[in-house]
Amino acid sequence: MTENIQNTQPNIYKPAITKIVARHDEAPGVRTLKLEFQNPADQEEFKKTFRTGMFGLYGVYGEGESTFCVASPETRKDYIECTFRQSGRVTSALANADIGDLITFRGPYGNRFPIEEFYGKNLLFISGGIALPPTRSVIWSCLDQREKFGKVTIVYGARTVADLVYKHELEEWQQREDVELVLTVDPGGESPDWKHKVGFVPTVLEEAAPSPDNCIAVICGPPIMIKFTLISLKKLGFDEKNVYTTLENRMKCGVGKCGRCNVGSIYVCKEGPVFTAAEVSRMPAADL
Amino acid sequence: MITQEKYRTTVKELLASDSVKMVIGYKPGSTPDRRRPLFIRSSDDADQLVLDSTCITNLSGYLVAEGLLSDEKRVGIFLRPEGIRSINILAAEYQLNMDQIVIFGFDSTGREVRPLEGRHSKDFSALLSDIKENSPQISKEPLLESIERMNEQERFDFWQEEFSRCIKCYACRQACPMCYCRRCIVDSNQPQWVNTSSHTLGNFEWNVVRAFHLSGRCVQCGNCDRACPVNIPLRLINQRMAEMVLEGFDHFAGLSPTQEPVLASFKKDDTETFIL
Amino acid sequence: MSEQQFEPNIIAFVCTYCTYAGADLAGTSRLKYAPNVRIVRLPCTGRISPMFILKALQKGADGVLVSGCHPGDCHFTHGNYHARRRWMVFRSLLEFTGISPERVKYSWISAAEGSKFADLINSVTEDIRKLGPFDQYQQMIKDAQSPATL
Amino acid sequence: MTRILLSDKLDNCVERWRSAGMTVIGPVQGESISRYAVVENGAGFDFGMILPDRSVKELFFPQTEPMLRYTIKKSEIDTADFPPPQEKRIIFGARACDASGLAIDDSLFGWDYKDDFWFHRRNESVIVTIACTKADDFCMCTSLDLAPDSTKGCDVLLRPLENNRGWQVEEITDRGREAFAVIADLLQESSDQAAPTAVVTEKFNLDACVTWLQNPENFDSKFWKEISMRCIGCASCTYLCPTCHCFDIQDEGDTYSGIRRKNWDSCSFALFTMHTSGHNPRSTQSARWRQRIMHKFNYFPGKFSVNSCSGCGRCSRQCPVDMGITETLQEISKLQS
């Protein structure tokens, strides 16, 4: 059976093995895993290639692979963090994996947020629900070299208070003098002791009215939130070229072959997932 | 030709009087022997209508396309007797409301096409009963007979050979009016009952599952068999299962819109010779 | 092949109210029966989808046994009547595709029939042992796991 | 004078190639379908068909292919690769459309990340195209700037002789020359004329179609809904297509061991693009058909400067509801003009 199987052929679909070193429940059904590569060569490769905004395919053999962003920043590359909602076959298997278990990682793939271009500028991060993880990678990548950027504003909303992810980090950002954090939950999602805003992200954003001057906006959220937030940003005077977002389409290969992540002529897995709003507006809206 | 002209006129009248919002029929295809489905919404469209012996595809699957019947308007459709049986099943399984369906029935012997009298499913019940009564007399296809004469090993080899060609394009499923599930069992992955890969094992499993889910529901319109790009004789399995439910439960699929589905009903005295 | 006799792998899908209780009774009565059967307990025979049988075969079972309450005794009044029709149809489908009906057996065993259970397991095991391993299916499984040839 | 290969030498050729360690593959008419399959002697070939029912793609990108085997142990995971077949192959009697299809997909599989499952087979295969002398109503290579005797993707081009006793030999690549060196002494010089290639009428105006497709306004045109209304959403067009390359990655096995496979998948399926959240960017059949056409004639050429269609016409030939690329592009040609 094994005679004709050798370990020498390059196989671009072969993942690296990582070990779960920590896990944390963020919200109901949402979990963060901290992963470390088992093979030093894989670790080195990751250190060489990973930049914030890139994604990976996380997998459990026997179940399959699932695509989400690398939620840890490019300033901390000794490990990978990923945050996901348990909803399908693979994410259920990932959620059931324990500390010490081995899972697979393929990547990092895709393009990145060009944060060198953000140097000296004000940053506005806007995020909704489970879409904070990709934004968080950029946030920490910037906060870890805080002196290089101007004002940092984070607008984050979720359906309910329970659905806010990274609660411990939200607290940390809240404490920091050099970060302005605006938290909101959808109407009806507030708890009795909720001290922050109530309302949808685009509305809250318009209220906060951050200045578009010398400012880069990074938004990430469900398609419907992105759509309305882009309208709000336009109202506030943001140039589409200064607004970045990340598209998360269904993917299987991650390397531009399997054909399902296409939006118009764009292969999201290779040309994305990070796009400026100007680029997104050139894509066929019906295909998003 | 006369039938075709008559129906063209009727279709135009019904559309003009707004009695139906659309009629599903046939028009010429890309070669002279081909017909393709036609969706008639205007008098111009109706002029394209053709009706002859080469109009074989069972069109009833289009009725359950998302949104078509949701406005409660009526839709006309050209159906052979098998097609009428399949919309009866769809009605029995609560997939459509029979009052919304206007039937243009037709059948053919040789190259001759003749209209079937009636517009509503109930008008055809006598016809369908006749077909049921006559069905045991219809001679079997030689291939089916030869399979039935095979021993188990030969049958296994025969089907394995046939299924080994399957490419899992699911044309059989998509072409079948009975395969209307929003999510097919092979597309459900928690749990993944059968292999999705198209190796012989996965193909065998898929074809067994498909045939089982159609047992007692298939009207043998032949859509699956004709759709198969690798020419697997799917009709034989369907035919065998139809015979089985007829012999075993006196069930002839699609006899009426109120017929109980054979696998969702039972008789206390169903035979059970094989149960230990 | 060695001289050892073939030990078939048999999966039994049983209803919890009758056959499983019958199996329990066989156990508490210390009846001896063949150890080849792995039991999967389900609420009712009406819950036993043919998918289960296909899955068992896919995972290499040499035989499958499906068993539940006698007609009229179903805990849910008529789950077993539905199951019976389904079995009839599925059985003839398998037969038509060349899978011996001898490999997939059906029975009614009540909670009181501990000895019938033990006897049945013995006879089913013996029958399937006589048929030998399900080579044809195992070959398909093996082919599915072998590398591409072209 | 040109070099020719006589049909009655075919047995010898097959034998030579086989003894040189090559698997010989050619068009074979099976009981129910025709396809490219292994042949053992000259009699195994069937050159009479217009083209095989199944495309040559499956010899390079099989419908299901194991990629790796995993074994999960207590504290480690073992994986073993399934390398693609190692033997050298000669595909004798490919059609020009099938051979061009391979060349088209090279750009996709080699885009940045190189897919070894594809390229290993590509590098080990010699494609010998036989120019077509007949065509049917569905053939449309000429509408795509290709021809019945295109040399794209092929290593050796054979032109059938008018007297039907063999082929004129035209070696295109070094790989082709190398393969034909093995049978060099079986070839002969001759003044026999080649039969005229098949006349494939131009079915649509490709330039007009591309212009129409590239116009962003037409993306939301109601044309898409109309043209795809009868599409039943099966994958027979995509699976028979010599250039459709989409695939799925599936694990088969359990928590302890199993196989990760690469399986054909199709943009016609609703689940193809469905997000976990239930959001589906291409939720209607018309959006999916539009994607297929756009991808082949707008997006793919935009990226790789070549249409992702070689004009074999299998999509239209096999469609259960008589749809296909030809009809759609014909309609688009009308819209544009």
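Order of writing sets the chain letters: A, B, C and D. Residues in each chain are counted from 1.
Keep this in mind: a contact is a pair of C-beta atoms (placed from the backbone, for glycine too) under 8 Å apart; a residue touches a chain by one contact, two chains touch by 3 or more.
Keep in mind that this is a model prediction, so the values were computed, not measured.
J.: Through how few touching steps can chain B be joined to chain D?
T.: Tracing touching chains, the least step count from chain B to chain D comes to 1.
J.: Go through B-C and A-B and name the pair with more C-beta contacts between its chains.
T.: Most C-beta pairs in contact, of the two: B-C.
J.: Report the inter-chain centroid distance for chain B and chain C in whole angstrom, where each centroid is the mean of the CA atoms.
T.: 33
J.: Can you work out the whole-Å distance between the CA centroids of chain A and chain B?
T.: Computed from C-alpha means, the inter-chain centre distance equals 47 Å.
J.: Roughly how far is chain C from chain D, going centre to centre by Cα mean, in whole Å?
T.: 45
J.: Using CA atom averages as chain centres, what separation in Å is found between chain A and chain D?
T.: Centre-to-centre distance between chain A and chain D: 38 Å.
J.: Scan chain C for residues touching two or more other chains and write them down.
T.: In chain C, the residues touching two or more other chains are 144, 146-147.
J.: Any chance you could list the residues of chain D touching two or more other chains?
T.: 69, 82-84, 248, 250, 252
J.: Got the chain A residues that touch at least 2 other chains?
T.: Chain A, residues with two or more chain partners: 4-5, 88.
J.: Across the complex, what residues on chain B touch chain C?
T.: 147, 150, 152-160, 185, 193-195, 197, 199-202, 204-205, 207-209, 211-212, 215-216, 237, 240-241, 244-245, 248-249, 262-268, 270-272, 274-276
J.: In the complex of these two chains, what residues of chain B are touching chain D?
T.: 29-31, 34-37, 39, 57, 61-62, 162, 165, 167-171, 173-175, 183, 187, 195-199, 202, 223, 226-227, 229-232
J.: Name, in rising order, each residue of chain D that touches chain B in their complex.
T.: Touch residues, chain D against chain B: 32-33, 53-54, 63-64, 137-138, 229-230, 232-236, 238-240, 248, 250, 252, 261, 263-264, 266, 269, 271, 316, 318, 320-324, 326-327.
J.: Okay, in this complex, where on chain D does chain A touch?
T.: 67-70, 72, 75-77, 79-84, 108-109, 111-116, 120, 216, 219-220, 245-251, 253-256, 258, 260, 262, 265, 267, 272-277, 279, 281-282, 287, 291, 294-295, 298-299, 302-303
J.: Of all residues in chain A, which touch chain B in the complex?
T.: Touch residues, chain A against chain B: 88-89, 92.
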